[in-house]
Amino acid sequence: MSRLFRPAPTFMDAPAATSAAGSRAVIIGMPFDCGTHPVRIGSRQGPAAIREQSALLRPWDPLTDRNPLLDLNVVDLGDAVVTPSAIESSFAGIEAAVWHAVDAGAVPVTMGGDGAVTLPQLRALHRKFPDLCVVHIDAHTDAYPIDGYNTATTFSRAVEEGVLDPARSFHVGARGPTMVPGVFAHAEALGYGLVTMDRLMADGAEAVFARLRERIGGRPVYLCFDMDFFDPAAAPGVCTPTWGGASAREGLDILRRCADFRLVACDINTVSPPHDVGGMTAFLAATVLWNCLAMIAERERRPNSR
Amino acid sequence: MSRLFRPAPTFMDAPAATSAAGSRAVIIGMPFDCGTHPVRIGSRQGPAAIREQSALLRPWDPLTDRNPLLDLNVVDLGDAVVTPSAIESSFAGIEAAVWHAVDAGAVPVTMGGDGAVTLPQLRALHRKFPDLCVVHIDAHTDAYPIDGYNTATTFSRAVEEGVLDPARSFHVGARGPTMVPGVFAHAEALGYGLVTMDRLMADGAEAVFARLRERIGGRPVYLCFDMDFFDPAAAPGVCTPTWGGASAREGLDILRRCADFRLVACDINTVSPPHDVGGMTAFLAATVLWNCLAMIAERERRPNSR
Amino acid sequence: MSRLFRPAPTFMDAPAATSAAGSRAVIIGMPFDCGTHPVRIGSRQGPAAIREQSALLRPWDPLTDRNPLLDLNVVDLGDAVVTPSAIESSFAGIEAAVWHAVDAGAVPVTMGGDGAVTLPQLRALHRKFPDLCVVHIDAHTDAYPIDGYNTATTFSRAVEEGVLDPARSFHVGARGPTMVPGVFAHAEALGYGLVTMDRLMADGAEAVFARLRERIGGRPVYLCFDMDFFDPAAAPGVCTPTWGGASAREGLDILRRCADFRLVACDINTVSPPHDVGGMTAFLAATVLWNCLAMIAERERRPNSR
Amino acid sequence: MSRLFRPAPTFMDAPAATSAAGSRAVIIGMPFDCGTHPVRIGSRQGPAAIREQSALLRPWDPLTDRNPLLDLNVVDLGDAVVTPSAIESSFAGIEAAVWHAVDAGAVPVTMGGDGAVTLPQLRALHRKFPDLCVVHIDAHTDAYPIDGYNTATTFSRAVEEGVLDPARSFHVGARGPTMVPGVFAHAEALGYGLVTMDRLMADGAEAVFARLRERIGGRPVYLCFDMDFFDPAAAPGVCTPTWGGASAREGLDILRRCADFRLVACDINTVSPPHDVGGMTAFLAATVLWNCLAMIAERERRPNSR
Amino acid sequence: MSRLFRPAPTFMDAPAATSAAGSRAVIIGMPFDCGTHPVRIGSRQGPAAIREQSALLRPWDPLTDRNPLLDLNVVDLGDAVVTPSAIESSFAGIEAAVWHAVDAGAVPVTMGGDGAVTLPQLRALHRKFPDLCVVHIDAHTDAYPIDGYNTATTFSRAVEEGVLDPARSFHVGARGPTMVPGVFAHAEALGYGLVTMDRLMADGAEAVFARLRERIGGRPVYLCFDMDFFDPAAAPGVCTPTWGGASAREGLDILRRCADFRLVACDINTVSPPHDVGGMTAFLAATVLWNCLAMIAERERRPNSR
Amino acid sequence: MSRLFRPAPTFMDAPAATSAAGSRAVIIGMPFDCGTHPVRIGSRQGPAAIREQSALLRPWDPLTDRNPLLDLNVVDLGDAVVTPSAIESSFAGIEAAVWHAVDAGAVPVTMGGDGAVTLPQLRALHRKFPDLCVVHIDAHTDAYPIDGYNTATTFSRAVEEGVLDPARSFHVGARGPTMVPGVFAHAEALGYGLVTMDRLMADGAEAVFARLRERIGGRPVYLCFDMDFFDPAAAPGVCTPTWGGASAREGLDILRRCADFRLVACDINTVSPPHDVGGMTAFLAATVLWNCLAMIAERERRPNSR
């Protein structure tokens, strides 16, 4: 007998589930924005907006005629349990949710939320992958020489906590003026590789990612993709918009260059619906998520991929 | 152990459920709008918008210090299974969903959707309550002298199908010009009582509802509340806005006069989010739903109420 | 043979025409806003917005089962020929357009445009009706003790030009603070009757309009209806919004009290689409126009009405 | 010589100043919203929006031909110095700013900000007026039986701190469901008078305010006016919208009944621009401020008024 | 004598007309959207929006100092007669309108409407040009391996009906995931040439269009330009937005490469105003139309061009 | 003692001042738009919007670790004193404000306003720098072969008045159709260098600016940057949007190529907030201003730079 009721919308109509068991990749929302500069609060609504806009997306890749949601048995687990303005318990909730997925053998594909949601995810991933590397694609380094837990210090704290390998981790796409001096120097002092937007455009994505692949090899990669890597013309609804970013085509092309990495987590963040225009940033984020799933599925299909 | 994931939002955070068993009232969405005049399509998004805006509502009645959601063990069943532009199968899905609730002994409190969603609900209710009466609060009679199944003919077809008792059913609030002549005469020819907006204001709500109560008595009442009863200044996001309606305070006051009826179903419809302004119509509809729940709960608390 | 092409939208789909001959009432747009305070320019787009929103209106009056557009053979003549910032030639264009209608024996029903479009219309009407009276329903008197031609001085200039009979003309609905002192005193010094909003509400519309009817009798009446008579909650998209106005129901009720006047022109103005919200002010203005047509048609149907 | 530069906009173009000396009333903004429920943050932008919208207001009262801004020598002092999320230092900044005005003999007319900005203002006023009474016009009592400093507890804490006389202070306009039970009982247990919206409408504003005047007499009155007293149809851009409130005309009429009180402070709060529609709530708030100034000026003109 | 009334706006103020006689190119609107996926209905409003936004366009080409509207004696015929949800009669109305233009020797330049409006236009063109070729610039092939008449099957049905020469017709710009598998293979199986967006960017527009010109030669070309070829950052208001498209500059450059074709029809479609942002998609579509007119005029000026 | 009140917002929180004395660069707003085509009035609100959006900007350049606002002691002088629709007195006010800055030895960095604000600024600059050259980056030449003072004739009048050296002045970025023929020829006939957008893209910015530097050398340069140089996808809120412009990254890159010029004035104009989307054009303009300040500061730091 057919069902009587239609449940609430999920990402691309993936089945809702409460467990990652049996899935190769899972969707988790991170509705938290208390690490954001107070003039642009709102990314807590990001996961709901991405789910809504994902109704515009189609699942099949016309080049491979594969559907990554089916191939990976993707389920949508809902949102991590967080509390606005209670950063400690929220971080615990995020880490627990992501650890559940990682522990079950699934790749967590998460939707933010502001950039602060990354640190607890790194903690969860590092428990399973002690040699965790990060490819951080963002207009900002998020490794500022300041104190505290917020969107600007995720990768400063991550080095201090030892939850990633900075020598094999990279910030790609930094651009625009900063709140304090010394930002670039600090990221490099922490051991990170730094590829500014100017450098990325001058050298070309192909050359840059070849260098990254050479350095990272087959190590497990946490892909942290901040939507403000895109130019505000394509993605106005972010926490810290910065002009001079990638067009959608450029950004998706650069994203797809991560296909050669061994992706163990994808973290797409900083969609802020109150600052969005017609849902376009959320829709672009949904497109980024689908591409992440497609990359994970492609690697699964290769012989000896795991 | 506390839960790891937070599920999708429900109406006022009521528990999501797939069965009405054990509840005295249940929430069901009716995401269907193919009975609407094509220039204002969009009420299929009504249930989602009402759920979203219901986050602004508080549950406790300060006059009685009761919480109707707790008193009635309200659950949110999700949406009926409908298909845009397939009116027959959609009507079947709506009737099945509502019958499930009625059959379980719960009062269905439904959120439209355009006014066409009412007919299949009447069919379900009439199966259990052969002496069903309707109080229809709306800027339009929806009993037009024309053919077909759409928002303008719900109560024409309902009489033909015999799913209500027109002699004890009333259209309250009709106003504004109509698409064809003969509209008021037809409603009365079908046997309905007609209380135009002008009449309601001239006689006063107290006198009008006293007449209705006298006529209906303790018979089972299907409350059909079209959000366009409110003036567009309060509820712009409806399918067929008509100036000269009730203010929010007037409309809520009139609604609460239904507390003396034996409500067996509440059907709040025609929220069209694409035409709404800042979600205010959806928020007002959520307020109407809460008041319906409060009225049902109040009657439950009275001795010998059922 | 059926037509191949559908022309551009007109008011309520009335036939487009280039002559008023044969019509008892005609629609004319007045896309001019250079008499407006410069922070709220935009009413030049008013006629187009009213035409667009009129698609939401229905033509039949359910109380009389008459269609005033058919009864009056209403046509839409398009817009008067005006040039932004060229007030003299624009006034000439407005007067010529309105005179064409008046000369053909039709009642011009015009859509502004800011309040400055009224003066040239009065000039045209006065040529035919030397005993012209004005009922001016507006939050402002537009009879300020200042110089020049703009929205605030229409009725100061009109007395100076002798195009109306101030002793039988009335400003109804004035409220709110003013730009200069002495505004109310000046209107009365010019000979006008003044009914402030406070007075209208205190005495009641019935008593107020009885006084007006007693004074005006069967003389020809120019109805000048400024949409800012409505409260901004109902009509936000006006040139000079002022809180404390009529609700839509109150305003339409007051409007309909003009049915006893011998209406020779109806001038509905100050819809400013850039300041509107979801087209609601334009839609309310369209409703006002339909009611004007209904009143004209009703009078036509009475014995010895002309 | 005329000035070369035009400074930033102030409330109704009142002179900007850094001292209240020589003014009988002063404007101060309170750009703080960290006491607000996190789904509707944004009232920190309230003062800027009210200043912007005040450009639509005119200064002269046509009934008295007086200009209260000139009569009172009103200046705009800018905003109190607050820090989002640092409630203690923000409260200190608010109290200091208001004390400056009070100490200089001026009536502070302040623009919020959320309802939490009231407590530090009461502290400042109470230093000068030990017999301070409050007339609190609001959809909520803000005297909830819960802990902490936020918009819901201002008047709970105020009684505990002894900064007002609850026996001569009143909550006017409470309506709608509440987050916890026991809200009305708690306000009364604290000693306040409570006039719900239902009571206000049933008894009429004239009778209600006569009772208040009888009780308060010539004591100093702090007028706390929460914009959510208005219905969301008139004031959508507030922190906690609640349907069933006053229309603009009703609300302004009720406000003007405070003219007989000895107003020593006016606090207009909870304008939240991100949730506003076309600036209408901010414009209505500006209208409320002008009316407060007009009432203060009227009292000044009466013999023996101080 | 100068005219008294200004008619409704046309495309770039071209003369309104009811016949194509005497024009070398004509504008026709196609206000139909019932072939569109139901979540993005609205392109029926496309023609009106394009006409409105065309007021921002200027007519003279500064490089040639020619005005194509004057050179071609362009008139605006209004809209084809269609009925929402009645696809058969609508297709007949579209074919009749376009045939009228073709039969009169004019190039129809049409504005959609969704992509379904293309099939009846092809039928009309094919009656006159049996060797009709199509250059289809679109993010989608619209040649899906599914049944029915809708936006996804236009070019599947066109081959079956034999109204174009697939071997000399091309889909340019396909990108993004698809609803079903096998989409690209099906287009090629039908005989079409396929140039994906990736291929277009990799090979360059110059090389790609050289191949097309070589294949098509002087045969009559139907240019079908779907606005979703542009990236959603430039054209958000389309029926099926897909990230990764052309920027405005890229897209206009590619469009202008059609100047060497013998254009016998230009069909610009899928502007959906309810999903647009500030009218920018409609304005970009108007720019595309002007460029089509400029290309047609240029070819007319060449010796032996017809 | 810390301050009690926070003054109105300035550009990037620079100190407000009434004199340029002691500053190397100053911010001045030009809230004037009466030179604009009447369908897009609104740039008078540009300066306020840019100040508001500048709150999103950060001050430190991460490549040099310098803060140009501190290095140049930038102050915000407020707005020049202008009167809408009074072009002569407004031009006098603009010239006086700019002369004040120039006379004090500061570089005026001004925010429009429409393109008409440039002419009086050129007059002021020319008084101090008789060999003034202009680099005009704009989608239009603003040197049209027509009469009068408006946005289209600034550089026609400037040559006639002799306030710049056309032989060493350049229009960069012209594109799109024009209102009249002969536009490009006229600019060249006046003596200007013309670099169309097509030419700029074909030759590359590096080559083009090398030619400009060769021609201009160390002469004083007035940089006139019209925001419509950007594509409407990045900058929708301008007076005369024209598709095919620079992306934000391209535009900022081209802007920064002016670092080698001796900039004596920067004039960023045509931000029209009513036509903007989410403030993005104003935010991009703020970014352009910051880059201008950074270029000025860089030159100051070079040995022998002045």
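The first chain written gets the first letter, and so on, giving A, B, C, D, E and F; residue counts start at 1 in each chain.
Throughout what follows, a contact is a pair of C-beta atoms (placed from the backbone, for glycine too) under 8 Å apart; a residue touches a chain by one contact, two chains touch by 3 or more.
Predicted model only: the values in this text are computed from it and were never measured.
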*Please give the intersection of the contact partners of chain B with those of chain E.*
A, C
*Hey, which chain ends up farthest from chain D, C-alpha centres compared?*
E
*Which chain has its C-alpha centroid at the greatest distance from the C-alpha centroid of chain C?*
A
*Whole-Å distance, chain B centre to chain C centre, using C-alpha means?*
38
*asked:* Taking the mean of the C-alpha atoms as each chain's centre, how many Å separate chain A from chain C?
replied: 58
*asked:* If a residue has to touch 2 or more other chains to count, which residues of chain A qualify?
replied: 231, 233, 247, 277
*In their complex, what parts of chain F are in touch with chain D?*
2-10, 16, 18, 28, 31, 48, 51-52, 77-81, 93, 96-97, 100
_chain E to chain F touching residues, read off their complex_ = 55-63, 65-67, 231, 233-234, 247-249, 252, 277-278, 280, 283-284, 287, 290
_Complex contacts: residues of chain A adjacent to chain F_ = 39-40, 174, 176-185, 197, 201, 231-233, 236, 240-241, 243-245, 247, 275, 277
